[in-house]
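There are structures below to look over.
In what follows, chain A forms one complex with chain B and a second complex with chain C.
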Partner chain A sequence: MSRTSRRDFLRGLTLLGVGAATGVGIVRAGQDDTVWQIDPMKCIQCGRCATHCVLAESAVKAVHVHLLCGHCDLCTAFFEPEPIDLNTGAENQLCPTGAIERNFIEEPYFSYVIDEPLCIGCGKCVKGCEMFGNGSMFLQIRHDRCTNCNACSIGDACPSKAISRVPASTPYLLKSTH
Partner chain B sequence: MTGLRATWRSIAAIAVVFSFIVLIVMLGLYLRPTGEDPLDSAKWQDLKRELSDRPADQVVADRLRKLDLDLRREYFGRRETIRLGGTLLLIGLLIALVAIKRSDRRINPVVDPLVMEFSARAMDRKVVRSRWAIGITGLLLFGGMAYLLAAVPAEIPVPGAAELESPGAVDQGPPTVEVLARQWASFRGYEGSGVAPDFEVPLTWDGAAGENIAWKTAIPLSGANSPVVWNDRVFLTGANEKKEEVYCIDAKTGAMLWKKGLIVAGRREEFDEPMEDTGYAAPTAATDGRYVFVMFASARVAAFDFEGRQVWLKSFGPLDSSYGYSSSLSLFEDKLLLQLDQGYRDDPKSRLLALDTATGKTVWETPRVVDSSWASPVVVYTESGPQVLLSAAPIAAAYDPETGAELWTAEVIEGEVAPTPIYRDGVAYFVQEDVGLFAILASGKGNVTESHVLFSNEDGAPDVTSPLVDGERIYLLATDGYLTCIRVADGETIWQEDLEGNYYASPSLVGDVLLLTDMDGVTRKVAAGDGFKLLGENALGEKVDASAAFGPGRIYLRGKKHLYAIGVK
Partner chain C sequence: MKRIALTLLLLGLATGAAWAEERFPPPEFETGYELPDTATPPPRTLTWERIDVAVLVLALSLATWLVLRKRSRRGVAWLGVGSLIYFGFFREGCVCPVGATQNVALAIFDSSYALPFCVLMFFVLPLGFALFAGRSFCSGVCPLGAIQEVVLLRPVGLPDFLERALRTLAYVYLGLAVYFAATGAAFVICRYDPFVGFFRLSGGFNMLVLGGCFLLIGVFVGRPYCRFLCPYGVLLDLAGRLSRWRVSITPAACVQCRLCEESCPYGAIALPSPRRDARARAAASRRLILLLVLLPLLVSVFAYLGSRAGKPLSLVHPTVDLALRVAAERDLSDAKASDETVAFRKTGETIVDLNVRARDRQAAFVAGGWWLGGWIGLVIGIMLIGLFTLPVRIDYEADRGRCLSCARCFPYCPTGHDRRRTLTGGAA
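Here is the complex of A and B:
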């Protein structure tokens, strides 16, 4: 039985690496023209985006179209139902991680900005905004985080089938004012 | 060089142990779900409840805020630790690999045969050690990978239909017609008739003395709307220029089960102040046993579930309604019907609207070329199918409540309209103060002005209250107390009587007794029949504008400040 020399071993390893890289490249080439995205019109804010992503921190984040926002004082995306007071006290906030920043503009208007690193994609703000507001907040898969898996585990778990592949050239499904 | 290799071996051993420890720590962290809501903590929830009970307690608020901060710090700290752990594991494994490799490096080949033999043995030992090193590293790497793979569920359970239900939705469908006929679910009950189901109710009471008053409950905000009843719950609303509220009252005890203000996102749209008599809460609520639907002069419409949670809210204002909006809500299956008649027909803005009861989304919308109206839509069940009847100048009209399609119209209405149409035995009755009463066969199609109007009668037409029909006679009660009885068969006036008092409350019929409650809260009992007969009077002791509602063993009368349940305690 002949022993494998180090040179042969390295050669084999290199060939294996090149082969694997080629294979992955071929597979990725087939996917590169599409990416996963959430259709905000289908999303029912079930909360699974926060828990079913293969990443430890979900690739799904809330986004906010400020042109659609009513800049409400009583923002139902920011405040939990029937808040004790309309202030930023933790007891009044809906977001479990305090990821929405509320800033006074002028009486009676406020701006709401999502602090993305804090957002876990639970969709509670989106549900609040959809229910009583203008629907200016919604969930999107952020492509700086998404690994574009072959099968999206959030998509598999999505009860409203809101996640599908979209062209990579238009990777976001944003709500607009028209 | 042996010393150097020993050093590398030590480094390798340390790196392997380090990586192993990091891996164990990360496994521990991974065992907790990553998407967990930091505020799911039971302690946080308890404090939240405590604060809800005592909202002014600053000590509790401070404790809650500190706990909130600690929980969020812990949550993000864990997430940061996992990220750092991944980096450390990678570095540890890289160092381990390099160190193992360096510790195994042969420096100089030796040519001496004795040394060759020794080296061969040494080589064998090194090969064995190298294999062990590779094996352990591989175990660590593949073990970690296996865990990561195991952490992703191979099969994700498909959610059941129940999980797809929208929030607040319940699994039962809309109530059947038979169920509705036994409830008092909207203005003047089933088909807006004002006729009480065959409940046993007392017909004698005295509010001041408490005779046959089962309970009396203070209503925080005033409103001209009438109560609606579903089994053991009574709903009504109240409002002023600043607040709009919904009240749910226990029919047995009179206890206020919940009182909820409308949650309105953003700035409240301004609207013209309604006339004092109309007020901010004239439209009567409607309920389907799952939700209660409310509307106010602001044209805000909302749905609450029976636990008092606001399910949705829509705003259709401000409306161009000169006295203030007063049309009540009506229901057909899973559709909430709104008669948004406003302005004038030469600049038509009026429409009939059906909203999905579960979501508030518009199901259909039918434009109407009519003037403002203060009457309410009423769903009736004819032989040819359900119809929703609407009264506004210039037409008496019927629509298909399923699609909103116009079924028939009769150009018989002029002026301002507040009385709501009624229906009995295939005939719809419309009344307006200036033009009188019109009886129209509900079986027509298109414009039926010339073909389906059975009769008209100008006697005693009311300007506010709605008519009542007992099958053989129609009763009209004018605001000034003039009571007119008209024969169904030929439309002729049978009798007229000038009652004391002034009336905004529409008449009710219990068995063969008409109940007519005036603005001072005095209810006059009149026998339904071909001759006028006053059977008696009951004083409530409080002013009344709203129409009566009925439930098993109970008559509900809304005074200016209290809701009264008339019945046995």
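Here is the complex of A and C:
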């Protein structure tokens, strides 16, 4: 009979335990990889997305589902609450970085397109759009930027706990017309 | 025309329409204007996570080979730099085995949380290697270790009692990290990771300052985070004590030349115990018996203190925090509503339901507090036992648990040089 030392015995026991736990873990492991995303229905546009991301320029940006947009002349996502005039003058705009392009389509409709590199994810436009408009603008984590941290630092700070992990096969929670 | 929108807007408000009801029906364009698509760039990290696991296995194997077979300090150092560049600066330090500890704790206590496969592998692989070959992960794979390794310029030794006391901090930190992760409150290891800000080249001011302090201390005290705080290092330490193969300072027999004594900047070389007379030995065993009797008492006292701390600690949990905010605002009608309570009212959940959830979390914190306190009592007790008892050791040995497999001591051993010369001489 071969001599088994106390260390060998304990190692065998630990290996058995770790192995069994790993087996259970693999069986129970999520089938799909997951990524962080904002549920736009929970979001209250507190503005922390712009400041709490680990990236200097937040991974959160405003997105616009044009299908839902009313294409209003007086867009409450684009204009200050009481604009001096309905034109693209900086003094009339709500967006602090001028990241929304406003273009005339046909009488009386305008298109509003977000220039993502300029957007800082503060959610001011989203608040305006939700309050008086269709809510076609909302905040989403952009996965070309998100580093998929183990613990989302915006999610920790989010007052409405709107950030959770979603399957990577459907990485966006876009509003739709349903 | 300009006012059409405004009229529609007021109409919309009057009906109290939710977003789905479309206050302003999307128009049909006559000019054939096509709606732009909403871009949805795909996640960039997913294939990388698989590659990370492969790189981890490769790096662990390489580190093990370099330390145990090749005995190459230079090889380990370069592997460390490589890992720092890949896992640190390129992959930006996430996910790492240190943080994965929390995912595993959460998965054990919260059955609704599905632990991702890659995270599980990151947690298990370095431990598996440690069970066979010691802390290969610490030697040249961990980016947190490597960033401290490169700043270590003027190593100074710490007195034994201080070293032991500080090392206990890591056990306490592990307990806290598991406690907060298991109760679903927060991932504290990730939140207070001092170096990840450097890897990402961005981060909060406080965290960058903290990381800077660690690096500054790290110039003199070798790897302060690894030795005195790293929670995963505790697990690797325990696994390393059971390892099948181990780092040995000398490749042959120890000749007690004392040359390696000062070579380890991490205080991991255990010196031969001095000869002691019978009286000293008897006193030591009396102290050991006394401490062993006192240990259960210490554990009980700390467990009780832990359970008392459960309630205040539960304030860290967002649900408990929210319930208190809501209650405070109800009591003070003129209080300014916080973002949290505004969001809570939007969900339509009743205050009663919220309080039930908060009380459930509070109970979990108190129950966990017993375990956390007991754990802290236990590690403090074991630290004291180690401090007041006398080990019996004949040779200079790398401590199985504490040795970070950095291979610094190898060149100091004259037996090694001798052997190398003989080997090359023989070959030529």
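Just so it is clear, the second predicted complex is superposed on the first by the 146 of 178 C-alpha atoms of A that agree within 3 Å, B and C clash if a C-alpha of one lies under 4 Å from a C-alpha of the other, contacts with A are read in each partner's own complex, and residues count from 1 in each chain.
What we mean here is this: a contact is a pair of C-beta atoms (placed from the backbone, for glycine too) under 8 Å apart; a residue touches a chain by one contact, two chains touch by 3 or more.
Here the structure is a predicted model, which means the values were calculated and not measured.
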Margin query: Tell me the contact category for A:Asp33 with respect to chain B and chain C: first, second, both or neither.
Written below: second
Item checked: Which superposed partner A:Gly89 touches (first chain B, second chain C, both, neither) -> first
Notebook entry, point to check: Counting only touches as set out at the top, which of chain B and chain C does A:Pro81 meet: first, second, both, neither?
Noted result: first
Note to self: Just checking: does A:Asn150 make contact with chain B only, chain C only, both, or neither of them? Give me first, second, both or neither.
What the structure shows: second
Check: Now for A:Ser58: first (chain B), second (chain C), both, or neither, which partner does it touch?
Finding: first
Check: According to the contact criterion defined above, which of chain B and chain C contacts more residues of chain A?
Finding: C
Notebook entry, point to check: Just chain B (first), just chain C (second), both, or neither: which does A:Thr14 touch?
Noted result: second
Next item on the list: Please indicate which partner A:Asp73 is in contact with in the superposed arrangement: first for chain B, second for chain C, both, or neither.
Entry: both
Next item on the list: State whether A:Cys122 touches chain B only (first), chain C only (second), both chains, or neither.
Entry: first
Check: If you lay the two complexes on top of each other, which residues of chain A touch chain B in one and chain C in the other?
Finding: 44, 46, 54, 56, 70-76, 108-109, 132-133, 153, 156, 159-160
Note to self: Show me the residue ranges of chain C that touch chain A in the complex, using the header's touch definition.
What the structure shows: 1-6, 8-9, 12-13, 19-20, 22-27, 29-31, 33, 35-46, 49, 92, 94-96, 99-100, 102-104, 107, 114-120, 124, 127-128, 131, 186-187, 190-191, 196-197, 200, 202-203, 239, 241-244, 318, 338-340, 342-344, 346-347
Checklist line | Touch list for chain A against partner chain C, complex | finding: 7-8, 10-11, 14-15, 18, 22, 25-26, 28-30, 33-35, 42, 44, 46, 48, 54-56, 63-76, 86, 105-109, 111, 113, 116, 130, 132-135, 142-144, 146-151, 153, 156, 159-162, 168, 171-172, 174-175, 178
Next item on the list: Write out the stretch or stretches of chain B touching chain A in their complex.
Entry: 30, 33-40, 48, 51-52, 55, 61, 64-65, 68-69, 72, 75-76, 79, 82-83, 152-153, 156, 159, 163-164, 166-167, 263-267, 309-310, 312-313
Note to self: Using the touch definition from the top, list the residues of chain A that touch chain B in their complex.
What the structure shows: 44, 46, 50-54, 56-58, 70-76, 81-82, 84-85, 89-91, 96-98, 108-109, 118, 120-122, 127, 131-133, 153, 156-157, 159-160
